[in-house]
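Structure first, commentary second.
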Amino acid sequence: MELHPIWITKSRSKMKTSSKPYYRKTKSELEVFRAANSSSLPILLKGPTGCGKTRFVEYLAVQADKPLITVACNEDTSAADLIGRFLIKDGDTIWQDGPVTRAVKTGSFLYLDEIAEAREDVVVVLHSLCDHRREIHIDRLNETVTAVPGFQLVVSFNPGYQGGLKELKPSTRQRFVSIEFNYPDQKIESEIIFNETGCKQEIADKLSALAVQIRSLDELTLRETVSTRLLIHAARLINVGLNPRIACETGIVHALTDDEETIRALRDLCNLRF
Amino acid sequence: MELHPIWITKSRSKMKTSSKPYYRKTKSELEVFRAANSSSLPILLKGPTGCGKTRFVEYLAVQADKPLITVACNEDTSAADLIGRFLIKDGDTIWQDGPVTRAVKTGSFLYLDEIAEAREDVVVVLHSLCDHRREIHIDRLNETVTAVPGFQLVVSFNPGYQGGLKELKPSTRQRFVSIEFNYPDQKIESEIIFNETGCKQEIADKLSALAVQIRSLDELTLRETVSTRLLIHAARLINVGLNPRIACETGIVHALTDDEETIRALRDLCNLRF
Amino acid sequence: MELHPIWITKSRSKMKTSSKPYYRKTKSELEVFRAANSSSLPILLKGPTGCGKTRFVEYLAVQADKPLITVACNEDTSAADLIGRFLIKDGDTIWQDGPVTRAVKTGSFLYLDEIAEAREDVVVVLHSLCDHRREIHIDRLNETVTAVPGFQLVVSFNPGYQGGLKELKPSTRQRFVSIEFNYPDQKIESEIIFNETGCKQEIADKLSALAVQIRSLDELTLRETVSTRLLIHAARLINVGLNPRIACETGIVHALTDDEETIRALRDLCNLRF
Amino acid sequence: MELHPIWITKSRSKMKTSSKPYYRKTKSELEVFRAANSSSLPILLKGPTGCGKTRFVEYLAVQADKPLITVACNEDTSAADLIGRFLIKDGDTIWQDGPVTRAVKTGSFLYLDEIAEAREDVVVVLHSLCDHRREIHIDRLNETVTAVPGFQLVVSFNPGYQGGLKELKPSTRQRFVSIEFNYPDQKIESEIIFNETGCKQEIADKLSALAVQIRSLDELTLRETVSTRLLIHAARLINVGLNPRIACETGIVHALTDDEETIRALRDLCNLRF
Amino acid sequence: MELHPIWITKSRSKMKTSSKPYYRKTKSELEVFRAANSSSLPILLKGPTGCGKTRFVEYLAVQADKPLITVACNEDTSAADLIGRFLIKDGDTIWQDGPVTRAVKTGSFLYLDEIAEAREDVVVVLHSLCDHRREIHIDRLNETVTAVPGFQLVVSFNPGYQGGLKELKPSTRQRFVSIEFNYPDQKIESEIIFNETGCKQEIADKLSALAVQIRSLDELTLRETVSTRLLIHAARLINVGLNPRIACETGIVHALTDDEETIRALRDLCNLRF
Amino acid sequence: MELHPIWITKSRSKMKTSSKPYYRKTKSELEVFRAANSSSLPILLKGPTGCGKTRFVEYLAVQADKPLITVACNEDTSAADLIGRFLIKDGDTIWQDGPVTRAVKTGSFLYLDEIAEAREDVVVVLHSLCDHRREIHIDRLNETVTAVPGFQLVVSFNPGYQGGLKELKPSTRQRFVSIEFNYPDQKIESEIIFNETGCKQEIADKLSALAVQIRSLDELTLRETVSTRLLIHAARLINVGLNPRIACETGIVHALTDDEETIRALRDLCNLRF
């Protein structure tokens, strides 16, 4: 009887009225997506946190003029959360489609964020949706639903996470076309910071240069290194007038580590630039 | 109250109208299947992911003109998921047969995919179905159902998985006739890629040769090596115009590993051929 | 609300009409059974899989003209599964006896297969049934049921299993008279294969000789060695015309191991005989 | 909604009509029991399986002319199993006292067998019953029940079990007067076998001598050594005509171990006497 | 739907009529309690089992003329057990305050025994009750209840337990004023035994001297050493005529250990005095 | 059906009438908060227990004239606890907003204390609230709620806890602006003690000096060192007349450790000052 209110639909109409999301191509990811999409193959985006995977999917959904249904997977996500369940409402029993069923029926883009965090049974549900069958069976309704043309499954996966503790089984993983994401080159990252925040060009340049330097220092042993998202946070704090050093310290440094020595090293790097 | 909507029935009529699935015999698997089937013995297909086990069962079901009921087993699959349960519908309590009961009653082919992933009680339920009794008992209905002639139980098992952590108990395993599957010889695999995707013969040859080479390199320490399925993915991406090197990278390389060094090694192997 | 439909009753009438099951005495097991039965002591059959424990119990139940109730124990078997539970049926609450209660009330043979797989509470429920009290208490009904004369409890246990991880507690085990089972001598095993399958005498002899040889090779490190059941499978496959070497490979070798080297060794042993 | 039908009440009337159970005093256990009982202190019986702890309690309950309520504790025993619960019966909600509540209200003897197997909350429920308060609180009924005079709590505990893995917390254990049980001296044990089974004196003497010898052999590394119960089993099997060597093998040897070498050693010891 | 009937209220009226509990001050614990109480600070009593913590709280509640509500915490104690829950009673849904809510509303003394045994969520519930807010929020009723003046929270904790495996989080622990308890000096302990049991002065002196000696022997490696409670047990058994050596053996020695060698050592110490 | 009554709302009206909480700025935390708040970024406060994190949030909520909703996270906190659930009330089903939903709808300050203690699914629910979307989806109501302007999410995290066992995932952590808290400088801490308790200046000075000394002694290996909260406890105990040495011992020393040697060391430090 638990509810896991973890998914968000962005309807087509809402998307049309809102401006198209900003997305800056970095490699051949758009071509690969289009090839997989026209071959009816599901897609796995792999890469670290905050490097633009979610933005990429949002961008493509708007481009394709498709609703986007996003599910943030976690270890409590069950098959019922995805497929649907009966609810008791005013004494009547009504069926409520889950996000997967709704996406399949409406030919939407379905984005399962951090798929490796979900339970086994969730992943297995997707198997028949990932191959030539492109269908799901709803046990409770004794109904098989075939995906409406245009339906596209995208999942994301962060391989650096937890030393690979949570991996996808090969039998699942080999059903997807995999696109690798990484942090963009400095010039492109600076452009992204500038476009996202409206900060001064100089700030964007300094922050992206700082990121390159931090990412190159393997000896920092960070769980995960600085993401484009953190650079954008710092730029926004600077925009509203916060001292750049403090903005870097609170927007970047303390988000990366709690270790005193590493904090000092990162602070020095920031202070050299600002 | 959870539902595990994990099974799919392919009705006979649907199968008749659809074209017969493509299956390329590789060893004596068809003879063994027929001998076991006419001896009323259950069958275990063992082999790696994506080597054609599921296709084999689909092919045989169509050949035998039998419905095929497939269950994707996982660690949440319970006995009730297989046998059936009472559902509350409009205030009435109705019994809904599970996939095993339906297969037993209709003399269908029942395919339990990745049986070793299922819970103990699921496996034990099958014991009386696997020996001379060929029957299941439905506790809730206090009813024993004997399998209709033609009923054939097939299960699959991937021995390479998780270092053998999830194994079948000998008391279960010794109830089955075991057919070993493996990736086909290069010539046969090339033929399969060609027939499945309609790609150029040259592409099929290169991909199958690439597979032979990757499979021979034990030093890559892949969790599971490249499957026929991945080769077919790559061929399909090439078919829709994607650069063959990018098709191999996203269709094969990143589906096999996240390790930077292994990725480079695999990329080099691909680039040597395309 | 889970159901564990794991037990099977073979009614007396059904048994009378069916032919008496074939059983070949190997040691003093029949005398011991009769002595324990007439002393009202419960019996534990210990031995490897597929050596005839279940057949032994079926044989004795028919001989004694008693119904036989079999429960396949597993780690989800709960006390309620054995004793009984209230069910909601058409709005009414009705009590449904579980297999133990039914056996106790009808003076049947009760066979708990693989007792060590069951949960602790299941085993404890049996304590008062195993000693001089010969009774169970049904909490929900606030009723004590004493076993009808003729009731005989038999449990089975496979000591080789899982390196002894699942053992019975001494306080449980010391309540039973223990009969040890093992694979029969070659001559007897050949006779069993011949009688069970109707194969040629020569095939039965070769298969039983093969079994002796495999069982003697400790260096194979099989989880469990070849059972009489597997020999019977191979004989049946040969009977319907399968090549004997393939019959041994699929009926015996691949049911015993997934290790490539061991498979080759076993295959060589088979090929030397056929 | 699970039921754990694990307790048995022996009513006073039933006891009066049945003959007084046979009990042979071995040390000062009767004096200690009487002193603890008249001091209103709870009692812990510690000792190995099958040495007469349960019989001791039955004997004392009959002597004291008190009903005896026995609960076989296990890891699924919950506080509700002991205190009571509401049941739905014919649409009405009725409270059903659990065994502890019934014992407290009727001033009975309450025997919790293998207390260390029960869950923590069960043990904690007993705390207020074990000290000067001698009362339990029934949360659901918002009622405190003080023990009727004559109520006596007895628990048993097997310290050799599982290498002390399941121990009582000191805060629980220090609430009890502890009586240590062990196997009786040979002469007394022979007398017990003779009285319990009606076997020949010579058989009783041989069996008790055998027990002394087995118990002295530390090198056998048995999980638990031979109990008086096993000797009685063997005597009963001999009584109905089974060969004494086979009776010892099935009644004693195989109940103690599955190790081939230990079985041979024990068999030799038996054969030396019979 | 489980119930955990683990708490006991001692009403003021009942306390007034009963005699004031005996309590012997050992250090400055009374002054500290009064200072913390008048500063509205919660109190943590730390010390080994059976040294008088519970008696201390009972004494103070009677002195302050306050009801005392005691909860024996265990690993199944949930927030609902403490705060309250809705119960279905005769078809109506009624709210039943849990012990914490009742104590807060009535300004009682609330004693949570062995707080470290409770689940995390229980401990967190207490946070807002422990600081200047002195209030709890009842989610289900959407109601905040502020503690009536006079409300005093006391918790107990046994630091020697389980090698510190179950500890309180610093963020919880630093909310309490901590009073350390230990076994009293010999003279005081003798006085306590004498007053509690009415035994002869000589017996009380011998038992307290025995305790001093046992507690000084670190080489005994007892999980917890002899408590004042055990000395009182022995004195009571001697009072009703049991041989003092047997009284010490069953009242003290076997309550402390199951190790044969340690039992012999403790028995020798007892026999030297009696 | 469990309830986790762990959150507290402080309404605006109540806050207005009560005096503004005392807060002493220590670094640039107020500027950072204001910058993050005007950039619509969520805030993570990291620091040890009892250093003023909660007080900081209370202070800011009053300053901003916003209601403050506080949730004490723990390992049983589920998504439903935060978002809301249907309750059965007088036979009707009514939806009850959880604290997050209420905060989002009313534009309140939402404070999730010890976020790392909460379950994964709770943290994931916050993701869409933490980025530019600033919205939550309520599955059961099929409703998306966008945060009212003024809504500010603040979470706290204690990095020293449990050796970093419970950490936030980088994908969560990189969504927050992080403000580091630590114990204040001696002069400021003395001022805080003085203002909070109304004690003599000399006492405040001595206590703050004692804290500096204890915090500098790494060799004490305390799980967490002395907090400002503990100093305030000691000052309050001294205020009501308790001997300062005893006040330090019970208010500070025993709250920090159970180790005898460390207790002696800390006691010596206290006695040198009082």
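Worth pointing out:
So that you can tell them apart, the chains are marked A, B, C, D, E and F in the order they are listed, and the count of residues begins at 1 in each.
In the analysis below, a residue touches a chain if its C-beta (ideal position, glycine included) is under 8 Å from a C-beta of that chain, and two chains touch if they have at least 3 such contacts.
Remember, predicted model here, so these are calculated numbers, not experimental data.
The chains that touch both subunit D and subunit F are E. Where subunit C touches subunit D, under half of the residue numbers in use are shared by the two copies, so each contributes mostly different positions. When each chain is reduced to the average of its Cα atoms, C sits farthest from subunit F. Inter-chain centre distance (subunit A to subunit B, centres taken as mean C-alpha positions): 30 Å.
Centre-to-centre spacing of subunit B and subunit D amounts to 52 Å, using the average Cα coordinate of each chain.
Averaged Cα coordinates give subunit C a centre that lies 61 Å from the centre of subunit F.
Within subunit C, residues 1 each touch two or more of the remaining chains. Chain-to-chain contact here is organised cyclically: the chains close a single ring, every chain touching exactly two others. Partner subunit F is touched in their complex by these residues of subunit A: 1-9, 48-50, 72-77, 81, 87-90, 96, 114, 117, 158, 161, 223-224, 227, 229-230, 233, 236-237, 239-243, 246-247, 250-251, 253-255, 258. Listed in rising order, the residues of subunit C touching subunit D in the complex are 1, 28, 31-32, 35-36, 38-39, 41, 44, 46, 78-80, 83, 85, 93, 119-121, 123-125, 127-128, 133, 135-140, 142, 144, 159, 164, 167, 169-171, 173-180.
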